[in-house]
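Should a chain be cited, it is by its letter among A, B, C and D, assigned in written order, with residues numbered from 1 in that chain.
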Amino acid sequence: MQATATLLTVVSALLAVAVPAVALSRRPWAGTLVYGVSLAASLAGLGVALAALLAGAGSELTLPLGLPWIGARFRIDALSAFFLAVVNLGGAAASLYGLGYGRHEEAPHRVLPFYPVFLAGMNLVVLADDAFTFLVSWEFMSLASWALVLAHHREAANRQAATVYLVMAGFGTMALLLAFGLLAGTGGEYGFSAIREAVRDPAVSSLALVLALVGAGSKAGLAPLHVWLPLAHPAAPSHVSALMSGVMTKVAVYGFVRIVFDLIGEPAWWSAILLLALGGGTAVLGILHALMERDLKRLLAYSTIENIGIVFACLGLALAFRADGMGWAAALALTAALFHVLNHSLFKSLLFFGAGAVLTATGGRDMERLGGLIHRMPATALFFLAGSIAISALPPFNGFISEWLAFQAILQSPELGGWGLKIVVPAVGGMLALAAALAAACFVRAFGVSFLGRPRTPEAGTAREADRFSLAAMGSLALLCLAAGTLPGFVIDALAPVTRLLVGGAMPLQADRPWLSIVPIAESRSSYNGLLVFAFIVLSASLSAFAVHRLASSRLRRAPAWDCGFPVAGAATQYSAGGFAQPFRRIFGTTVFAAREEVTMPPPGDMRPARLSLAIHDPVWERAYLPLARAVDALAGRLNRLQFLTIRRYLTLVFLFLVALLLVLALWT
Amino acid sequence: MILDILVQGAQMAAVLAAAPLVTGFVRKVKARLTRRKGPSLIQPYRDLARLMRKDAVVAENASWLFRVFPYLVFAATWVAAALVPTFAGGLVFSWTADLIAIIALLGTARFFLALAGMDVGTAFGGIGSSREMMISSLAEPAMMLTMFALALVAGSTQLSTVSAVLASPEVGLRVSLGMALVALVMVAIAENARIPIDNPATHLELTMVHEAMVLEYSGRHLAMIELAAMLKLVLYLSLIACVFVPWGIAPAGAGVAALALGAALWLAKLAAGGFLLAFFETSIAKMRVFRVPDFLGAALMLGLLGTLLLFVSRSM
Amino acid sequence: MVTALSFDIAHMLAGGLVLVSFMLLYQDRLHGLINTYALHALVLSASVAWQAWAQGAPHLYVTAAVALLFKALVIPLALHRIIRRLGIHRDIENVVGIGLTMLTGMGLVALSMVVMLRIAADADPLAREDLAMALAVVLLGLLLMVTRRNAIGQVVGFMSLENGLVLAAAGARGMPLVVEISVAFSVLVAFIVIGIVLFRIRERFDTVDIRALDDFRGERR
Amino acid sequence: MSVPAFDATVAVLAIPAASAALLAALPGYRLTARLNVAASFLTFLAALSLFSGARGEPGQYLFVDDLNIVFVALNTFVGFTASVFSASYIRHELETGRLSPGNLRFYHAMYQTMMFGMNLAFVANNIGLMWVAVELATLTTVLMVGLYRTHEALEAAWKYFILGSVGIALALFGTILVYMAAQPVVGEGHDAMVWTTLVEHAARFDPALLNLAFVFLLIGYGTKVGLAPLHAWLPDAHAEGPTPISAVLSGLLLNVALYAVLRFKILLAASPGAIAPGPLMVGMGLVSLVFAAFMLYRRRDIKRLFAYSSIEHMGIIVFAFGMGGPLANFAGLLHMVMHSLTKSAIFYAVGHIAQVKGTQKMADISGLTVTHPGLGWAFLLGVVAIAGLPPMGVFMSEFLIVSSTFAVEPLLAIPLVLGLLTAFGALVLRATGIAFGEPSGGTAASPAPASYAPIYAHLALVLAAGLYLPPPLVGWFRNVAGLLG
């Protein structure tokens, strides 16, 4: 059976299981059924996608659905095979996690029916081969995730998040719709093959690119269209948050890559600059937000924004290289982007799973109320640590590889023409480096405050380790992070068909390198061997530990903490998440977020406690979205008077309209 | 092949052996410059040995990470240090990690160390971690941009290649390289917790950064961390040396004589670097913590400017 | 059959209707307004009757009769009664001054002429002139409706508008259903008049709307 | 002209007319409600039978073509489901005493009269007859809107009546003008009002006269379509009348008026010298869309909210027809059908909501999916559909409209998209508030699940259309789109 048909079968299995899920969702075993089927379907989808990617066999299928004169077209090529693999990998992990996590869900009937539908929607987006099917699936995916965000709808914040989310999703879809309208032309040629073959003006291509950037970027969380993301992603149940952050944003990236690299043709020169600048800015803004955040899941959501920024910056670079005919460099940049897509889906899912386990165990996600969880939840802590190292782009985990490839690509860019690029690229390089360093700080803070130290609340002190399904999901993702970090060559080779398809070049074959190093261009220029680095670290650490224990001392004494001789027993004296962020707030926050700290110190003798009040403003929200909302509201208020006119005034309207039309007639020649 | 591995092993041993000596040398010079006698040059070795033999005292609520991290920090730093060309270039494992990876390895070490500071849950540990990460959040991009500049000049991020290219006469004097040097020195000062960013000798609570982080460590754990810090100093000195004064580094497959010359020159470079560091440290006062961003911001700007110049000049 | 004379008479009657429309605009007393309206209906009746004769369409006489009986007699009498029974103010409240209304009316007449002049000259001239007048009457009726705050004034406006329609329909040579339409409209007008009585709309349509409605619609904050 | 034994066209008219007379005479709520459903169903069957069998030559008064057959089928179908909904709705109203059995007799008779009027308007081949039929339908709905006899209902009916009357008058003037334009070409008398004849000869009509006629027709019938700024009657009439009537108003009566506008648009398009009706319709459509979108935000009353949403969608449809071209016309037709089905489903749901919660104020309704899951999700699904989200059918039409517009006139697409988004935001905001959150308002027991059948039937159709359009239907639509030019 060909790959497309198999995947569509998988999708229909997912859709089909939603039906019993509606009816049976309150039964205790319904979760097992839904997540079990989802797991099996995702694994099957993963297998098919990987086979299609590695074997390079494309296939397509047209169903007599959708737009009547086009039909619903589906197709798998290297690009969609890769993203299908990412989607189904994330889906499988989330389903495995859900098998355990889902039991703690208090409203299963609001999660179970939508969960498989959401997975199906994401698969369909990647499979679609015509504009209509693509957009239907795209919006369908948004809708299903919207329903999932509303699973805990009794909290007003979640409802608001869902509303903002859906409106932004609608906005993004509109932009994509316009992009497709532009590409399809007056004839209504909505099939991707027709769009691909059409010859169009660069100006049209560039406009389509901007629209695609707005549409897909708003879904992916590109600044300044990111505001919904930190609201909506954390509001959903954690495995859904993982899917939204780890996978759905990738589907958005897929949409962008599909349109820009495959469909529109050659856009104008400035589009690469636009992408690079937006990507770099998004990365820094996202991670700074994450650094200020005290809600663990929101922190992860903001970090998603950062990673999306990195991906888009790499895509911009690839676009610039491709426009200059440097296929090999474009392949390098594109590989970096796609590798990061895979990486982020791995570690962000892992981290959200960890946050979900913490949420289940302690009932909260405010880091200021956590602490010391490593003692109660050792396995979760270990996996979360692995994810934290990976997302901070540190060797030997996988986050570093894509970061490294991105830097290698940036180092190729002086050969690019154009003054704009020459100035933007190094600046973006600096921004990416800054974002990486800030990410490390952010995750030291996240892991340190939540898992290390002493419990700040009784709930944190009595937390229980997560169930074995959740641990299995986290463990396998952590292993995958390590595997992708130590054996990156295989991933790079698997990406070669994709880059060949999109930029007409590929990185050199990595599999036959000695010692499994990765060498982007030539060994004299750069190389990295994750496996050896990992082996060296492990070896030298264990050697030194062995030597020290053997030759020097191995005795250990437990004693109260020293703390410069003034240990204070209270757990509140620990450094808090807010305290940790304070230097960063001082450095970056005062300008970017207009952060203000105010200390109210009561005079001596006054028994009131001193207070520190902190105000952080989101510049994008306050400068762009609130004014817009206010404008809509003001306009609505103004127009609303028309609801309360007298009949005579309404008649006057009719009369004036008539006279106006008659005047038009009188003046029309 | 055996010889290559031997040379590589010799370098690993050399950096490890030289690390306490360099620290001791810097302390000695500083003492002399302030008209003190100062401890003996080998005092750091003695300190380490004593610490190793002592019982390790661990806080009651410390987790297992607290005991593992010292070794990991040490290992990551050591691996990074071993990959920087010291007396010989083109070593057998030099392709394992390039400049960017070396920076990232140091980042890994710092990541672990900062977490270790937060493990016991004391105020000092937290303040140390927070400030360390704050400093590195600026130092690391500055370092990265400096590396960009170097890599662009050399057309490679492979340190051996970079140093070989920079040793060749056609490179000449370049503005961007000068900027990179200044930026790199500033970063090195910050990363090694030297004055004016931090004071390695202080135990004055509010001024500590690095020391606050490791406050809870004792015995062999503290020894490993101290050793890692010393290694890092050697790493940075070697790095600056191999890039900006690359002469004398034995090329790949060189004979014993060249290796010996390289080793001697390396020690001389370390000594010079240590002396300059000590001299600089004695002649300047420590900064307030919130002046540090200005200092590192300047480094960042220099690095960016250097890279930009290279980008722009490439088309001229 | 269309002779110069018959054309002139038709034209004169239609023009008369426009003139009476202006007279309607000029009235500021209710009784005067109703009486003028009766005159309006009378002129219409004459005009339709003339068309019936000129076109040789006997069914139009029915329309003329309806106009004469119903509009010129019954409705005005009924309106007079309503005024008395409901105790409606005798003065008409205008939205804008009479002078301005008249000027606007002039403009409307000019507009309808201009619009009609665009119609090709080979069209039936009688129909064309007739149509221009009818359009003017329609527009003036609408103007009356929107410039009077008084319910009776608005009803009169509507009825004069409708007279314009009948004029146009009658002028359209051979148009079927004219009688039915005129009857249907009379019924409509009757409904409106009854509605006024039922809902006790004394002064203006305006009152029905605003204040009483704010409370219940839940639409205002 | 031979008269076949069973003429579906006549049946579509005769069944409602006869049952109207019958229902006016019969007492008893149960019987009349059932009879009402039965009559509507029969009408629907008759309309379906129009599809089968050869079509006769267009008659002097009645005819069937590709355009009106779609309208008739849709009209009778929604008329049927509305009668089913009405049966359960009216029972509740009787129980709560808002309506008396006497009211009901009148109500059911009027219902069938209205159906008669609407069907007549569709199948009329005579522009005068069509005008009469539209006005008949309008006036009956006026009476139905005032059914509750509350101050507000009467007020709404009165407003509707006055504005409608002016609309009637202006439409008539336009009709007369069309006759005047046709008369020199076609000849005096009846022929000059027969639509099929008019279209044949339209090319030779005086364009200036046609232009003038179209202005009056657009304003006259446009008032009924609810296009801004002629919309004023619409929100109140929807909000204050019985909910089945709101559903019929939104789902059907607006279509009737729209149908009339389309007929004359075809006429105008056939005359080369005439003003292009497109820009006028595009302009009015956009104004209605944007205006209604903003009006959605300040609504407190749930029925008025969806009344404004109807204005918005009528704006979209008129816009699409104004754009013209096969794609946009197709989309406009599809959108019209989808809107009828969806909006009436929403009004059915809203009727039940108002009954179980005891209020129409949205502020007092929340957590509907908690208290009444079946109703709440149906309502939500309806809003999702009307907001233009896939996989519902409205999405397909909006997709075609927006994308085809952007390809032709990018600048027009901008206000279009802004209006759509603005409306989308308002609908999502309100729907979330109603369907989710802490439950509030009454917790009256849900009506029998069977009463949800019309809602789910409509939504299922809309869903199916969003995924799959059967080729025959596409064929119809394409023919019609071709007719519309």
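Some points to look at:
Rule of thumb we're sticking to: a residue touches a chain if its C-beta (ideal position, glycine included) is under 8 Å from a C-beta of that chain, and two chains touch if they have at least 3 such contacts.
Just so you know, these numbers come straight off a predicted model, no measurement behind them.
The greatest centre-to-centre distance from subunit B, using averaged C-alpha positions, is reached by C.
For chain pairs A-B and C-D, the one joined by more C-beta pairs in contact is A-B. The mean-CA centres of subunit B and subunit C are about 98 angstrom from one another, to the nearest whole unit.
Centre-to-centre separation between subunit A and subunit B, using Cα means, comes to 35 Å.
Centre-to-centre separation of subunit B and subunit D, using mean CA positions: 77 Å.
Note: centroid distance subunit C to subunit D, computed from Cα atoms, is 31 Å.
Counting only residues that touch two or more partner chains, subunit B has none.
For subunit A, residues that reach two or more other chains under the stated contact definition are 643, 645, 647, 651, 654, 658, 662, 665.
Of all residues in subunit C, those touching 2 or more other chains are 115, 118, 142, 145, 205, 208-209, 213, 219, listed in ascending order.
Pairwise chain contacts in this structure: A-B, A-C, A-D, C-D. Against subunit B, the residues of subunit A that register as touching in their complex are 371-372, 374-375, 378, 381, 385, 389, 392-395, 400, 403-404, 407-408, 410-411, 413-415, 417, 419, 422-423, 425-427, 429-430, 433-434, 436-438, 440-441, 443-445, 447-449, 452-454, 517, 523-529, 532-533, 536-542, 544-545, 548-549, 551-553, 555-564, 567-568, 571, 573-576, 579-584, 586-587.
Residues 95, 108, 111-112, 114-115, 118, 139, 142-143, 145-146, 148-149, 154, 204-206, 208-210, 213-214, 219-220 of subunit C are the ones touching subunit A in the complex. Every residue of subunit B that touches subunit A in the complex is listed here, in rising order: 49, 52-61, 63-65, 67, 71-72, 74-76, 78-79, 82, 93, 95-98, 100-101, 104-105, 107-108, 110-111, 114-115, 117-127, 129-131, 133-134, 136-141, 144-145, 148, 151-152, 155-158, 161, 203, 205, 215-216, 218-220, 223-224, 289-290, 293, 300, 303-304, 307-308, 310-312, 314-315.
Taken together, the subunit D residues at the contact with subunit C in this complex read 128, 132, 135, 151-152, 154-155, 158-159, 161-162, 165-166, 168-170, 172-173, 176-177, 179-180, 183-184, 188-190, 192-193, 206, 208-209, 211-212, 239, 298-301, 304, 360-361, 363.
Per the touch definition, subunit C reaches subunit D in the complex via residues 115-116, 118-120, 122-124, 127, 131, 134-135, 138, 142, 145, 158, 161-162, 164-165, 168-169, 172-177, 180-181, 184-185, 188, 191-192, 195, 199, 205, 208-209, 212-213, 216-219.
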